[in-house]
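Every chain is named by a letter (A, B, C and D) in the order it is written, and numbering of its residues begins at 1.
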Amino acid sequence: MLKDIKDAVEQSLAIFRGLGVTLRHILRERRVTTQYPEQRPPQAFRYRGIHQLRLDENGKELCVGCNLCGLVCPAECIYVEGAETDNPEEERVTHYERFARVYILNSARCLYCGFCVEACPTDALAMTPQYELGEYHRRDCIYDKEDLIKNYLRWKDQAGYGIEWCHPEKLPEWTGHAEPLTPPSHAAPAIGEHRQ
Amino acid sequence: MTEWILFVVLSVIAIGSAVMMLVGRNPVHCALWLVLTFFCVAGFFLTLGAPFLAAVQIIVYTGAIMILFLFVVMLVNPEREGEPAVPASHRRAGLTLAAVLLVVMVGAITTRSGLGAIPTEPGGVTLRQVGTALLTEWMLPFELTSVLLLVAMIGAIVLARRRIE
Amino acid sequence: MVPTVAYLAVSAVLFTLGVVGVLVRRNALIIFMSIELMLNAVNVSLVSFARQHGHATGQVFVLLILAVAAAEVAVGLAIILSVFRHRDTVDVDHVNLMKW
Amino acid sequence: MEYVVMAAKAVVVFALVSGSMPFIVWAERKVMADAQARIGPNRVGPFGILQSFADALKLIFKEDVVPTGIDKRIFYLAPILSIIPALITFAVVPYGGPDLKLFGYPVGYVADLKDVGILYVFAVTTLGVYGIVLAGWASNNKYSLMGALRSSAQMISYEILLGLSIMGVVIGSGSLSLVEIVQAQATPYFGVIPGIWLFAQPLGFLIFLIASLAEANRVPFDLPEAESELVAGFHTEYSSFKFAMFFMAEYINLLTLSGVITTLFLGGWLGPGVDRFPILGVLYFSVKTVALVYFFIWLRATLPRLRYDQLMRFAWKVMLPAALINIFITAYWVAR
């Protein structure tokens, strides 16, 4: 009986302690919300967004339509049709006889693993940090070659987002607009860490 | 005049919803029609100068008793077996008996004189009077009710409890 | 002012409807509701008598009836529930054995 | 003329009560966000204050989904049954004293029901159960039905506590009229402490507070709609405007209960200087009510939901004896 009363009192006091905790948080100014469209979350250095098809310094396409990316893709979201041409070099879209006649990437199926980028023999394919990929129609999720080249043109001046993605030793000094993700100080301990 | 309008409207709704309760197939609908009747009865209490009883009527009847009914209807869920049709002879006999009862009651009411008299006190009975009567003149029945409620509570628990073997 | 006899008439009609319900319906729950209807009809006449005589006794009786009705509902619904558990029905025609 | 004044008061109170509901929702979201280190709504209007209106607009224009196999009439009736009691309870709550006059008419309350008063509040809040029970039953969904059954059991249990816990106040005030209950709190204790029932009836106040939380289905007693177990409880199948009606009823109930607690235990419109300037009474009443609403939101940010058996055990084994003890003490104190 006495113990019950003691428990009851303690538990009632616990409610007030809890109210104190919430009150402390209400009075404190700390806010963890990121105001998304105006404020961007810090992005990882190697963030894998939608792809780009790179051009070389002369404006020629690097892709030769070998379909290695399509073969390695686990989601089978890349379709490449290679072709050859007899045109003289200045009329070709690449430096070689081979080029990609069709290059289609379905961003709705892609799982952004980056295998295609690793597989590319000419470093033509790379990823960009772009993550706002929402569309109103599924057909708009199909990216053709022009779209992917547009992605390159859009991101080429952002140093660090090019082919360096798969060659870390070539990484230049960070100058991008976003900062590398730093784990917040209050983050949960990694698995096993608390056992020490 | 206003009182007559109110009275007629309340009577029509009360009797109409009571009839709806009788002919309804679905017990939940029946319960809701009955709730409407109870509301009208509370309205009668108001027009009769007993607002306290009207409030208690709503609290006890619609708030507790009918909710209990709904609770049991939902537990029992009698929808899965339609109520078997009552034989016509049976129904005829029941209606005849009820009609005889109604005739007797109406006859009794109308043959008595003096029931149409207007009460001298328009204020009617005050709550204080009711409370005083309840705790002086009717003290024993009042206390017995509490015993009755206790017995009912124990009985309900004993009856509704699942047998633990 | 509506005379007492009018209230008594309505009360009589409601009471009769309750009797009809008890006599012609076979669902135990509906029969029970009809009984509640009868109690209410009686309450109306009691309150109208209380007004006519300017005396509190009628209202006191209504309060007592309310308490009795509450007790009755508690026990009655418990009985219906336990009948339903044993017989899987609330049709009173199927509950015709004294013992099962 | 008297009826015209009454109707006008009723319309004004109705408009104010239902009009303040969007701001309570907004306040709740803001306070909850504060407690959780978030920002809360801040897009629609300054500080997001118009967020509720945007939500209402969205709910009205959303598709009204009607599930198959339902009892259609009751399905449509239930939200209406839920919102009407919520709206009409406020009619008896006095937000100003009888001295508060406008053009010679007392405007402090819509109706002062002498012999009924607080019983009217109970009678009407009881009816709120119907909306929930019928919604759950008519939805033809087992989660809804579970929510409905839980809520009916919960509300019946806590209604008893609600009634018993104010018996102390009623005995002490000697009246059921809410206006007279407030007036009974006017004399201060020992000449200094405000004479509100909170100090004379701390146990009654606590029980009433907890029971009213349960009656309004607020956290930590929001069992009928326990998201984590019952999807959304009784309103799982409701969408569009019918859902909005349940939502409105919930928040208007919160406001009404705060008003009732203010009246019963916190002295209603009473406050310093109110006898000289009766208009101050409205201000005092509003401040106390809003403070209570804030407290309820704060509680929601703090407490987890109770388990169902805990809820029932708490009602019958802890609160009921406490309420009875409170009545005995008060009766002794009054009869002394």
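Assume contacts are C-beta pairs under 8 Å (C-beta built on N, C-alpha and C of every residue); 3 or more make two chains touch, one makes a residue touch a chain.
The structure displayed is predicted, hence computed values, not measured ones.
Undergrad: Out of A-D and B-C, which chain pair has the most contact pairs?
TA: When the contacts at A-D and B-C are counted, B-C has more.
Undergrad: From the C-alpha centre of chain A to that of chain B, how far is it in Å?
TA: 70
Undergrad: Give, as an integer number of Å, the spacing between the C-alpha centres of chain D and chain A.
TA: Between these chains, centre-to-centre, one finds 49 Å.
Undergrad: For chain B versus chain C, what separation do you get between their C-alpha means, in angstrom?
TA: Centres of chain B and chain C (C-alpha means) sit 6 Å apart.
Undergrad: Between chain C and chain D, what is the gap in Å from one C-alpha centre to the other?
TA: Here chain C and chain D have centroids separated by 33 Å.
Undergrad: Provide the list of chain D residues touching at least two other chains, using ranges where the numbers run on.
TA: Touching at least two other chains: none.
Undergrad: Please give all chain pairs that are in touch with each other.
TA: Pairwise, the chains that meet the contact rule are A-D, B-C, B-D.
Undergrad: Across the complex, what residues on chain B touch chain C?
TA: Of all residues in chain B, those touching chain C are 3-4, 7, 11, 14-15, 18-19, 21-22, 24, 27, 30-31, 34, 37-38, 41, 44-45, 47-50, 52-53, 56-57, 60-61, 64-65, 68-69, 72-73, 75-76, 78, 81, 83-84, 86, 90-91, 93-95, 97-99, 101-102, 105-106, 109-110, 115-121, 124-125, 129-130, 132-134, 137-138, 141-142, 145, 148-149, 151-153, 155-160, 162.
Undergrad: Can you list the residues on chain D that touch chain A in the complex?
TA: 31, 34-39, 298-299, 301-303, 318
Undergrad: In their complex, what parts of chain D are in touch with chain B?
TA: Those residues of chain D that touch chain B are 71, 74, 113, 115-116, 119-120, 122-123, 126-127, 129-130, 133-134, 137, 145, 148-149, 152-153, 155-156, 159, 176.
Undergrad: In the complex of these two chains, what residues of chain A are touching chain D?
TA: My answer: residues 8, 15, 18-19, 21-23, 25-26, 28, 30-33, 35.
Undergrad: Considering only the defined contacts, which chain B positions touch chain D in the complex?
TA: 26, 28-29, 32, 35, 51-52, 54-56, 58-59, 62-64, 67-68, 70-71, 74-75, 126-127
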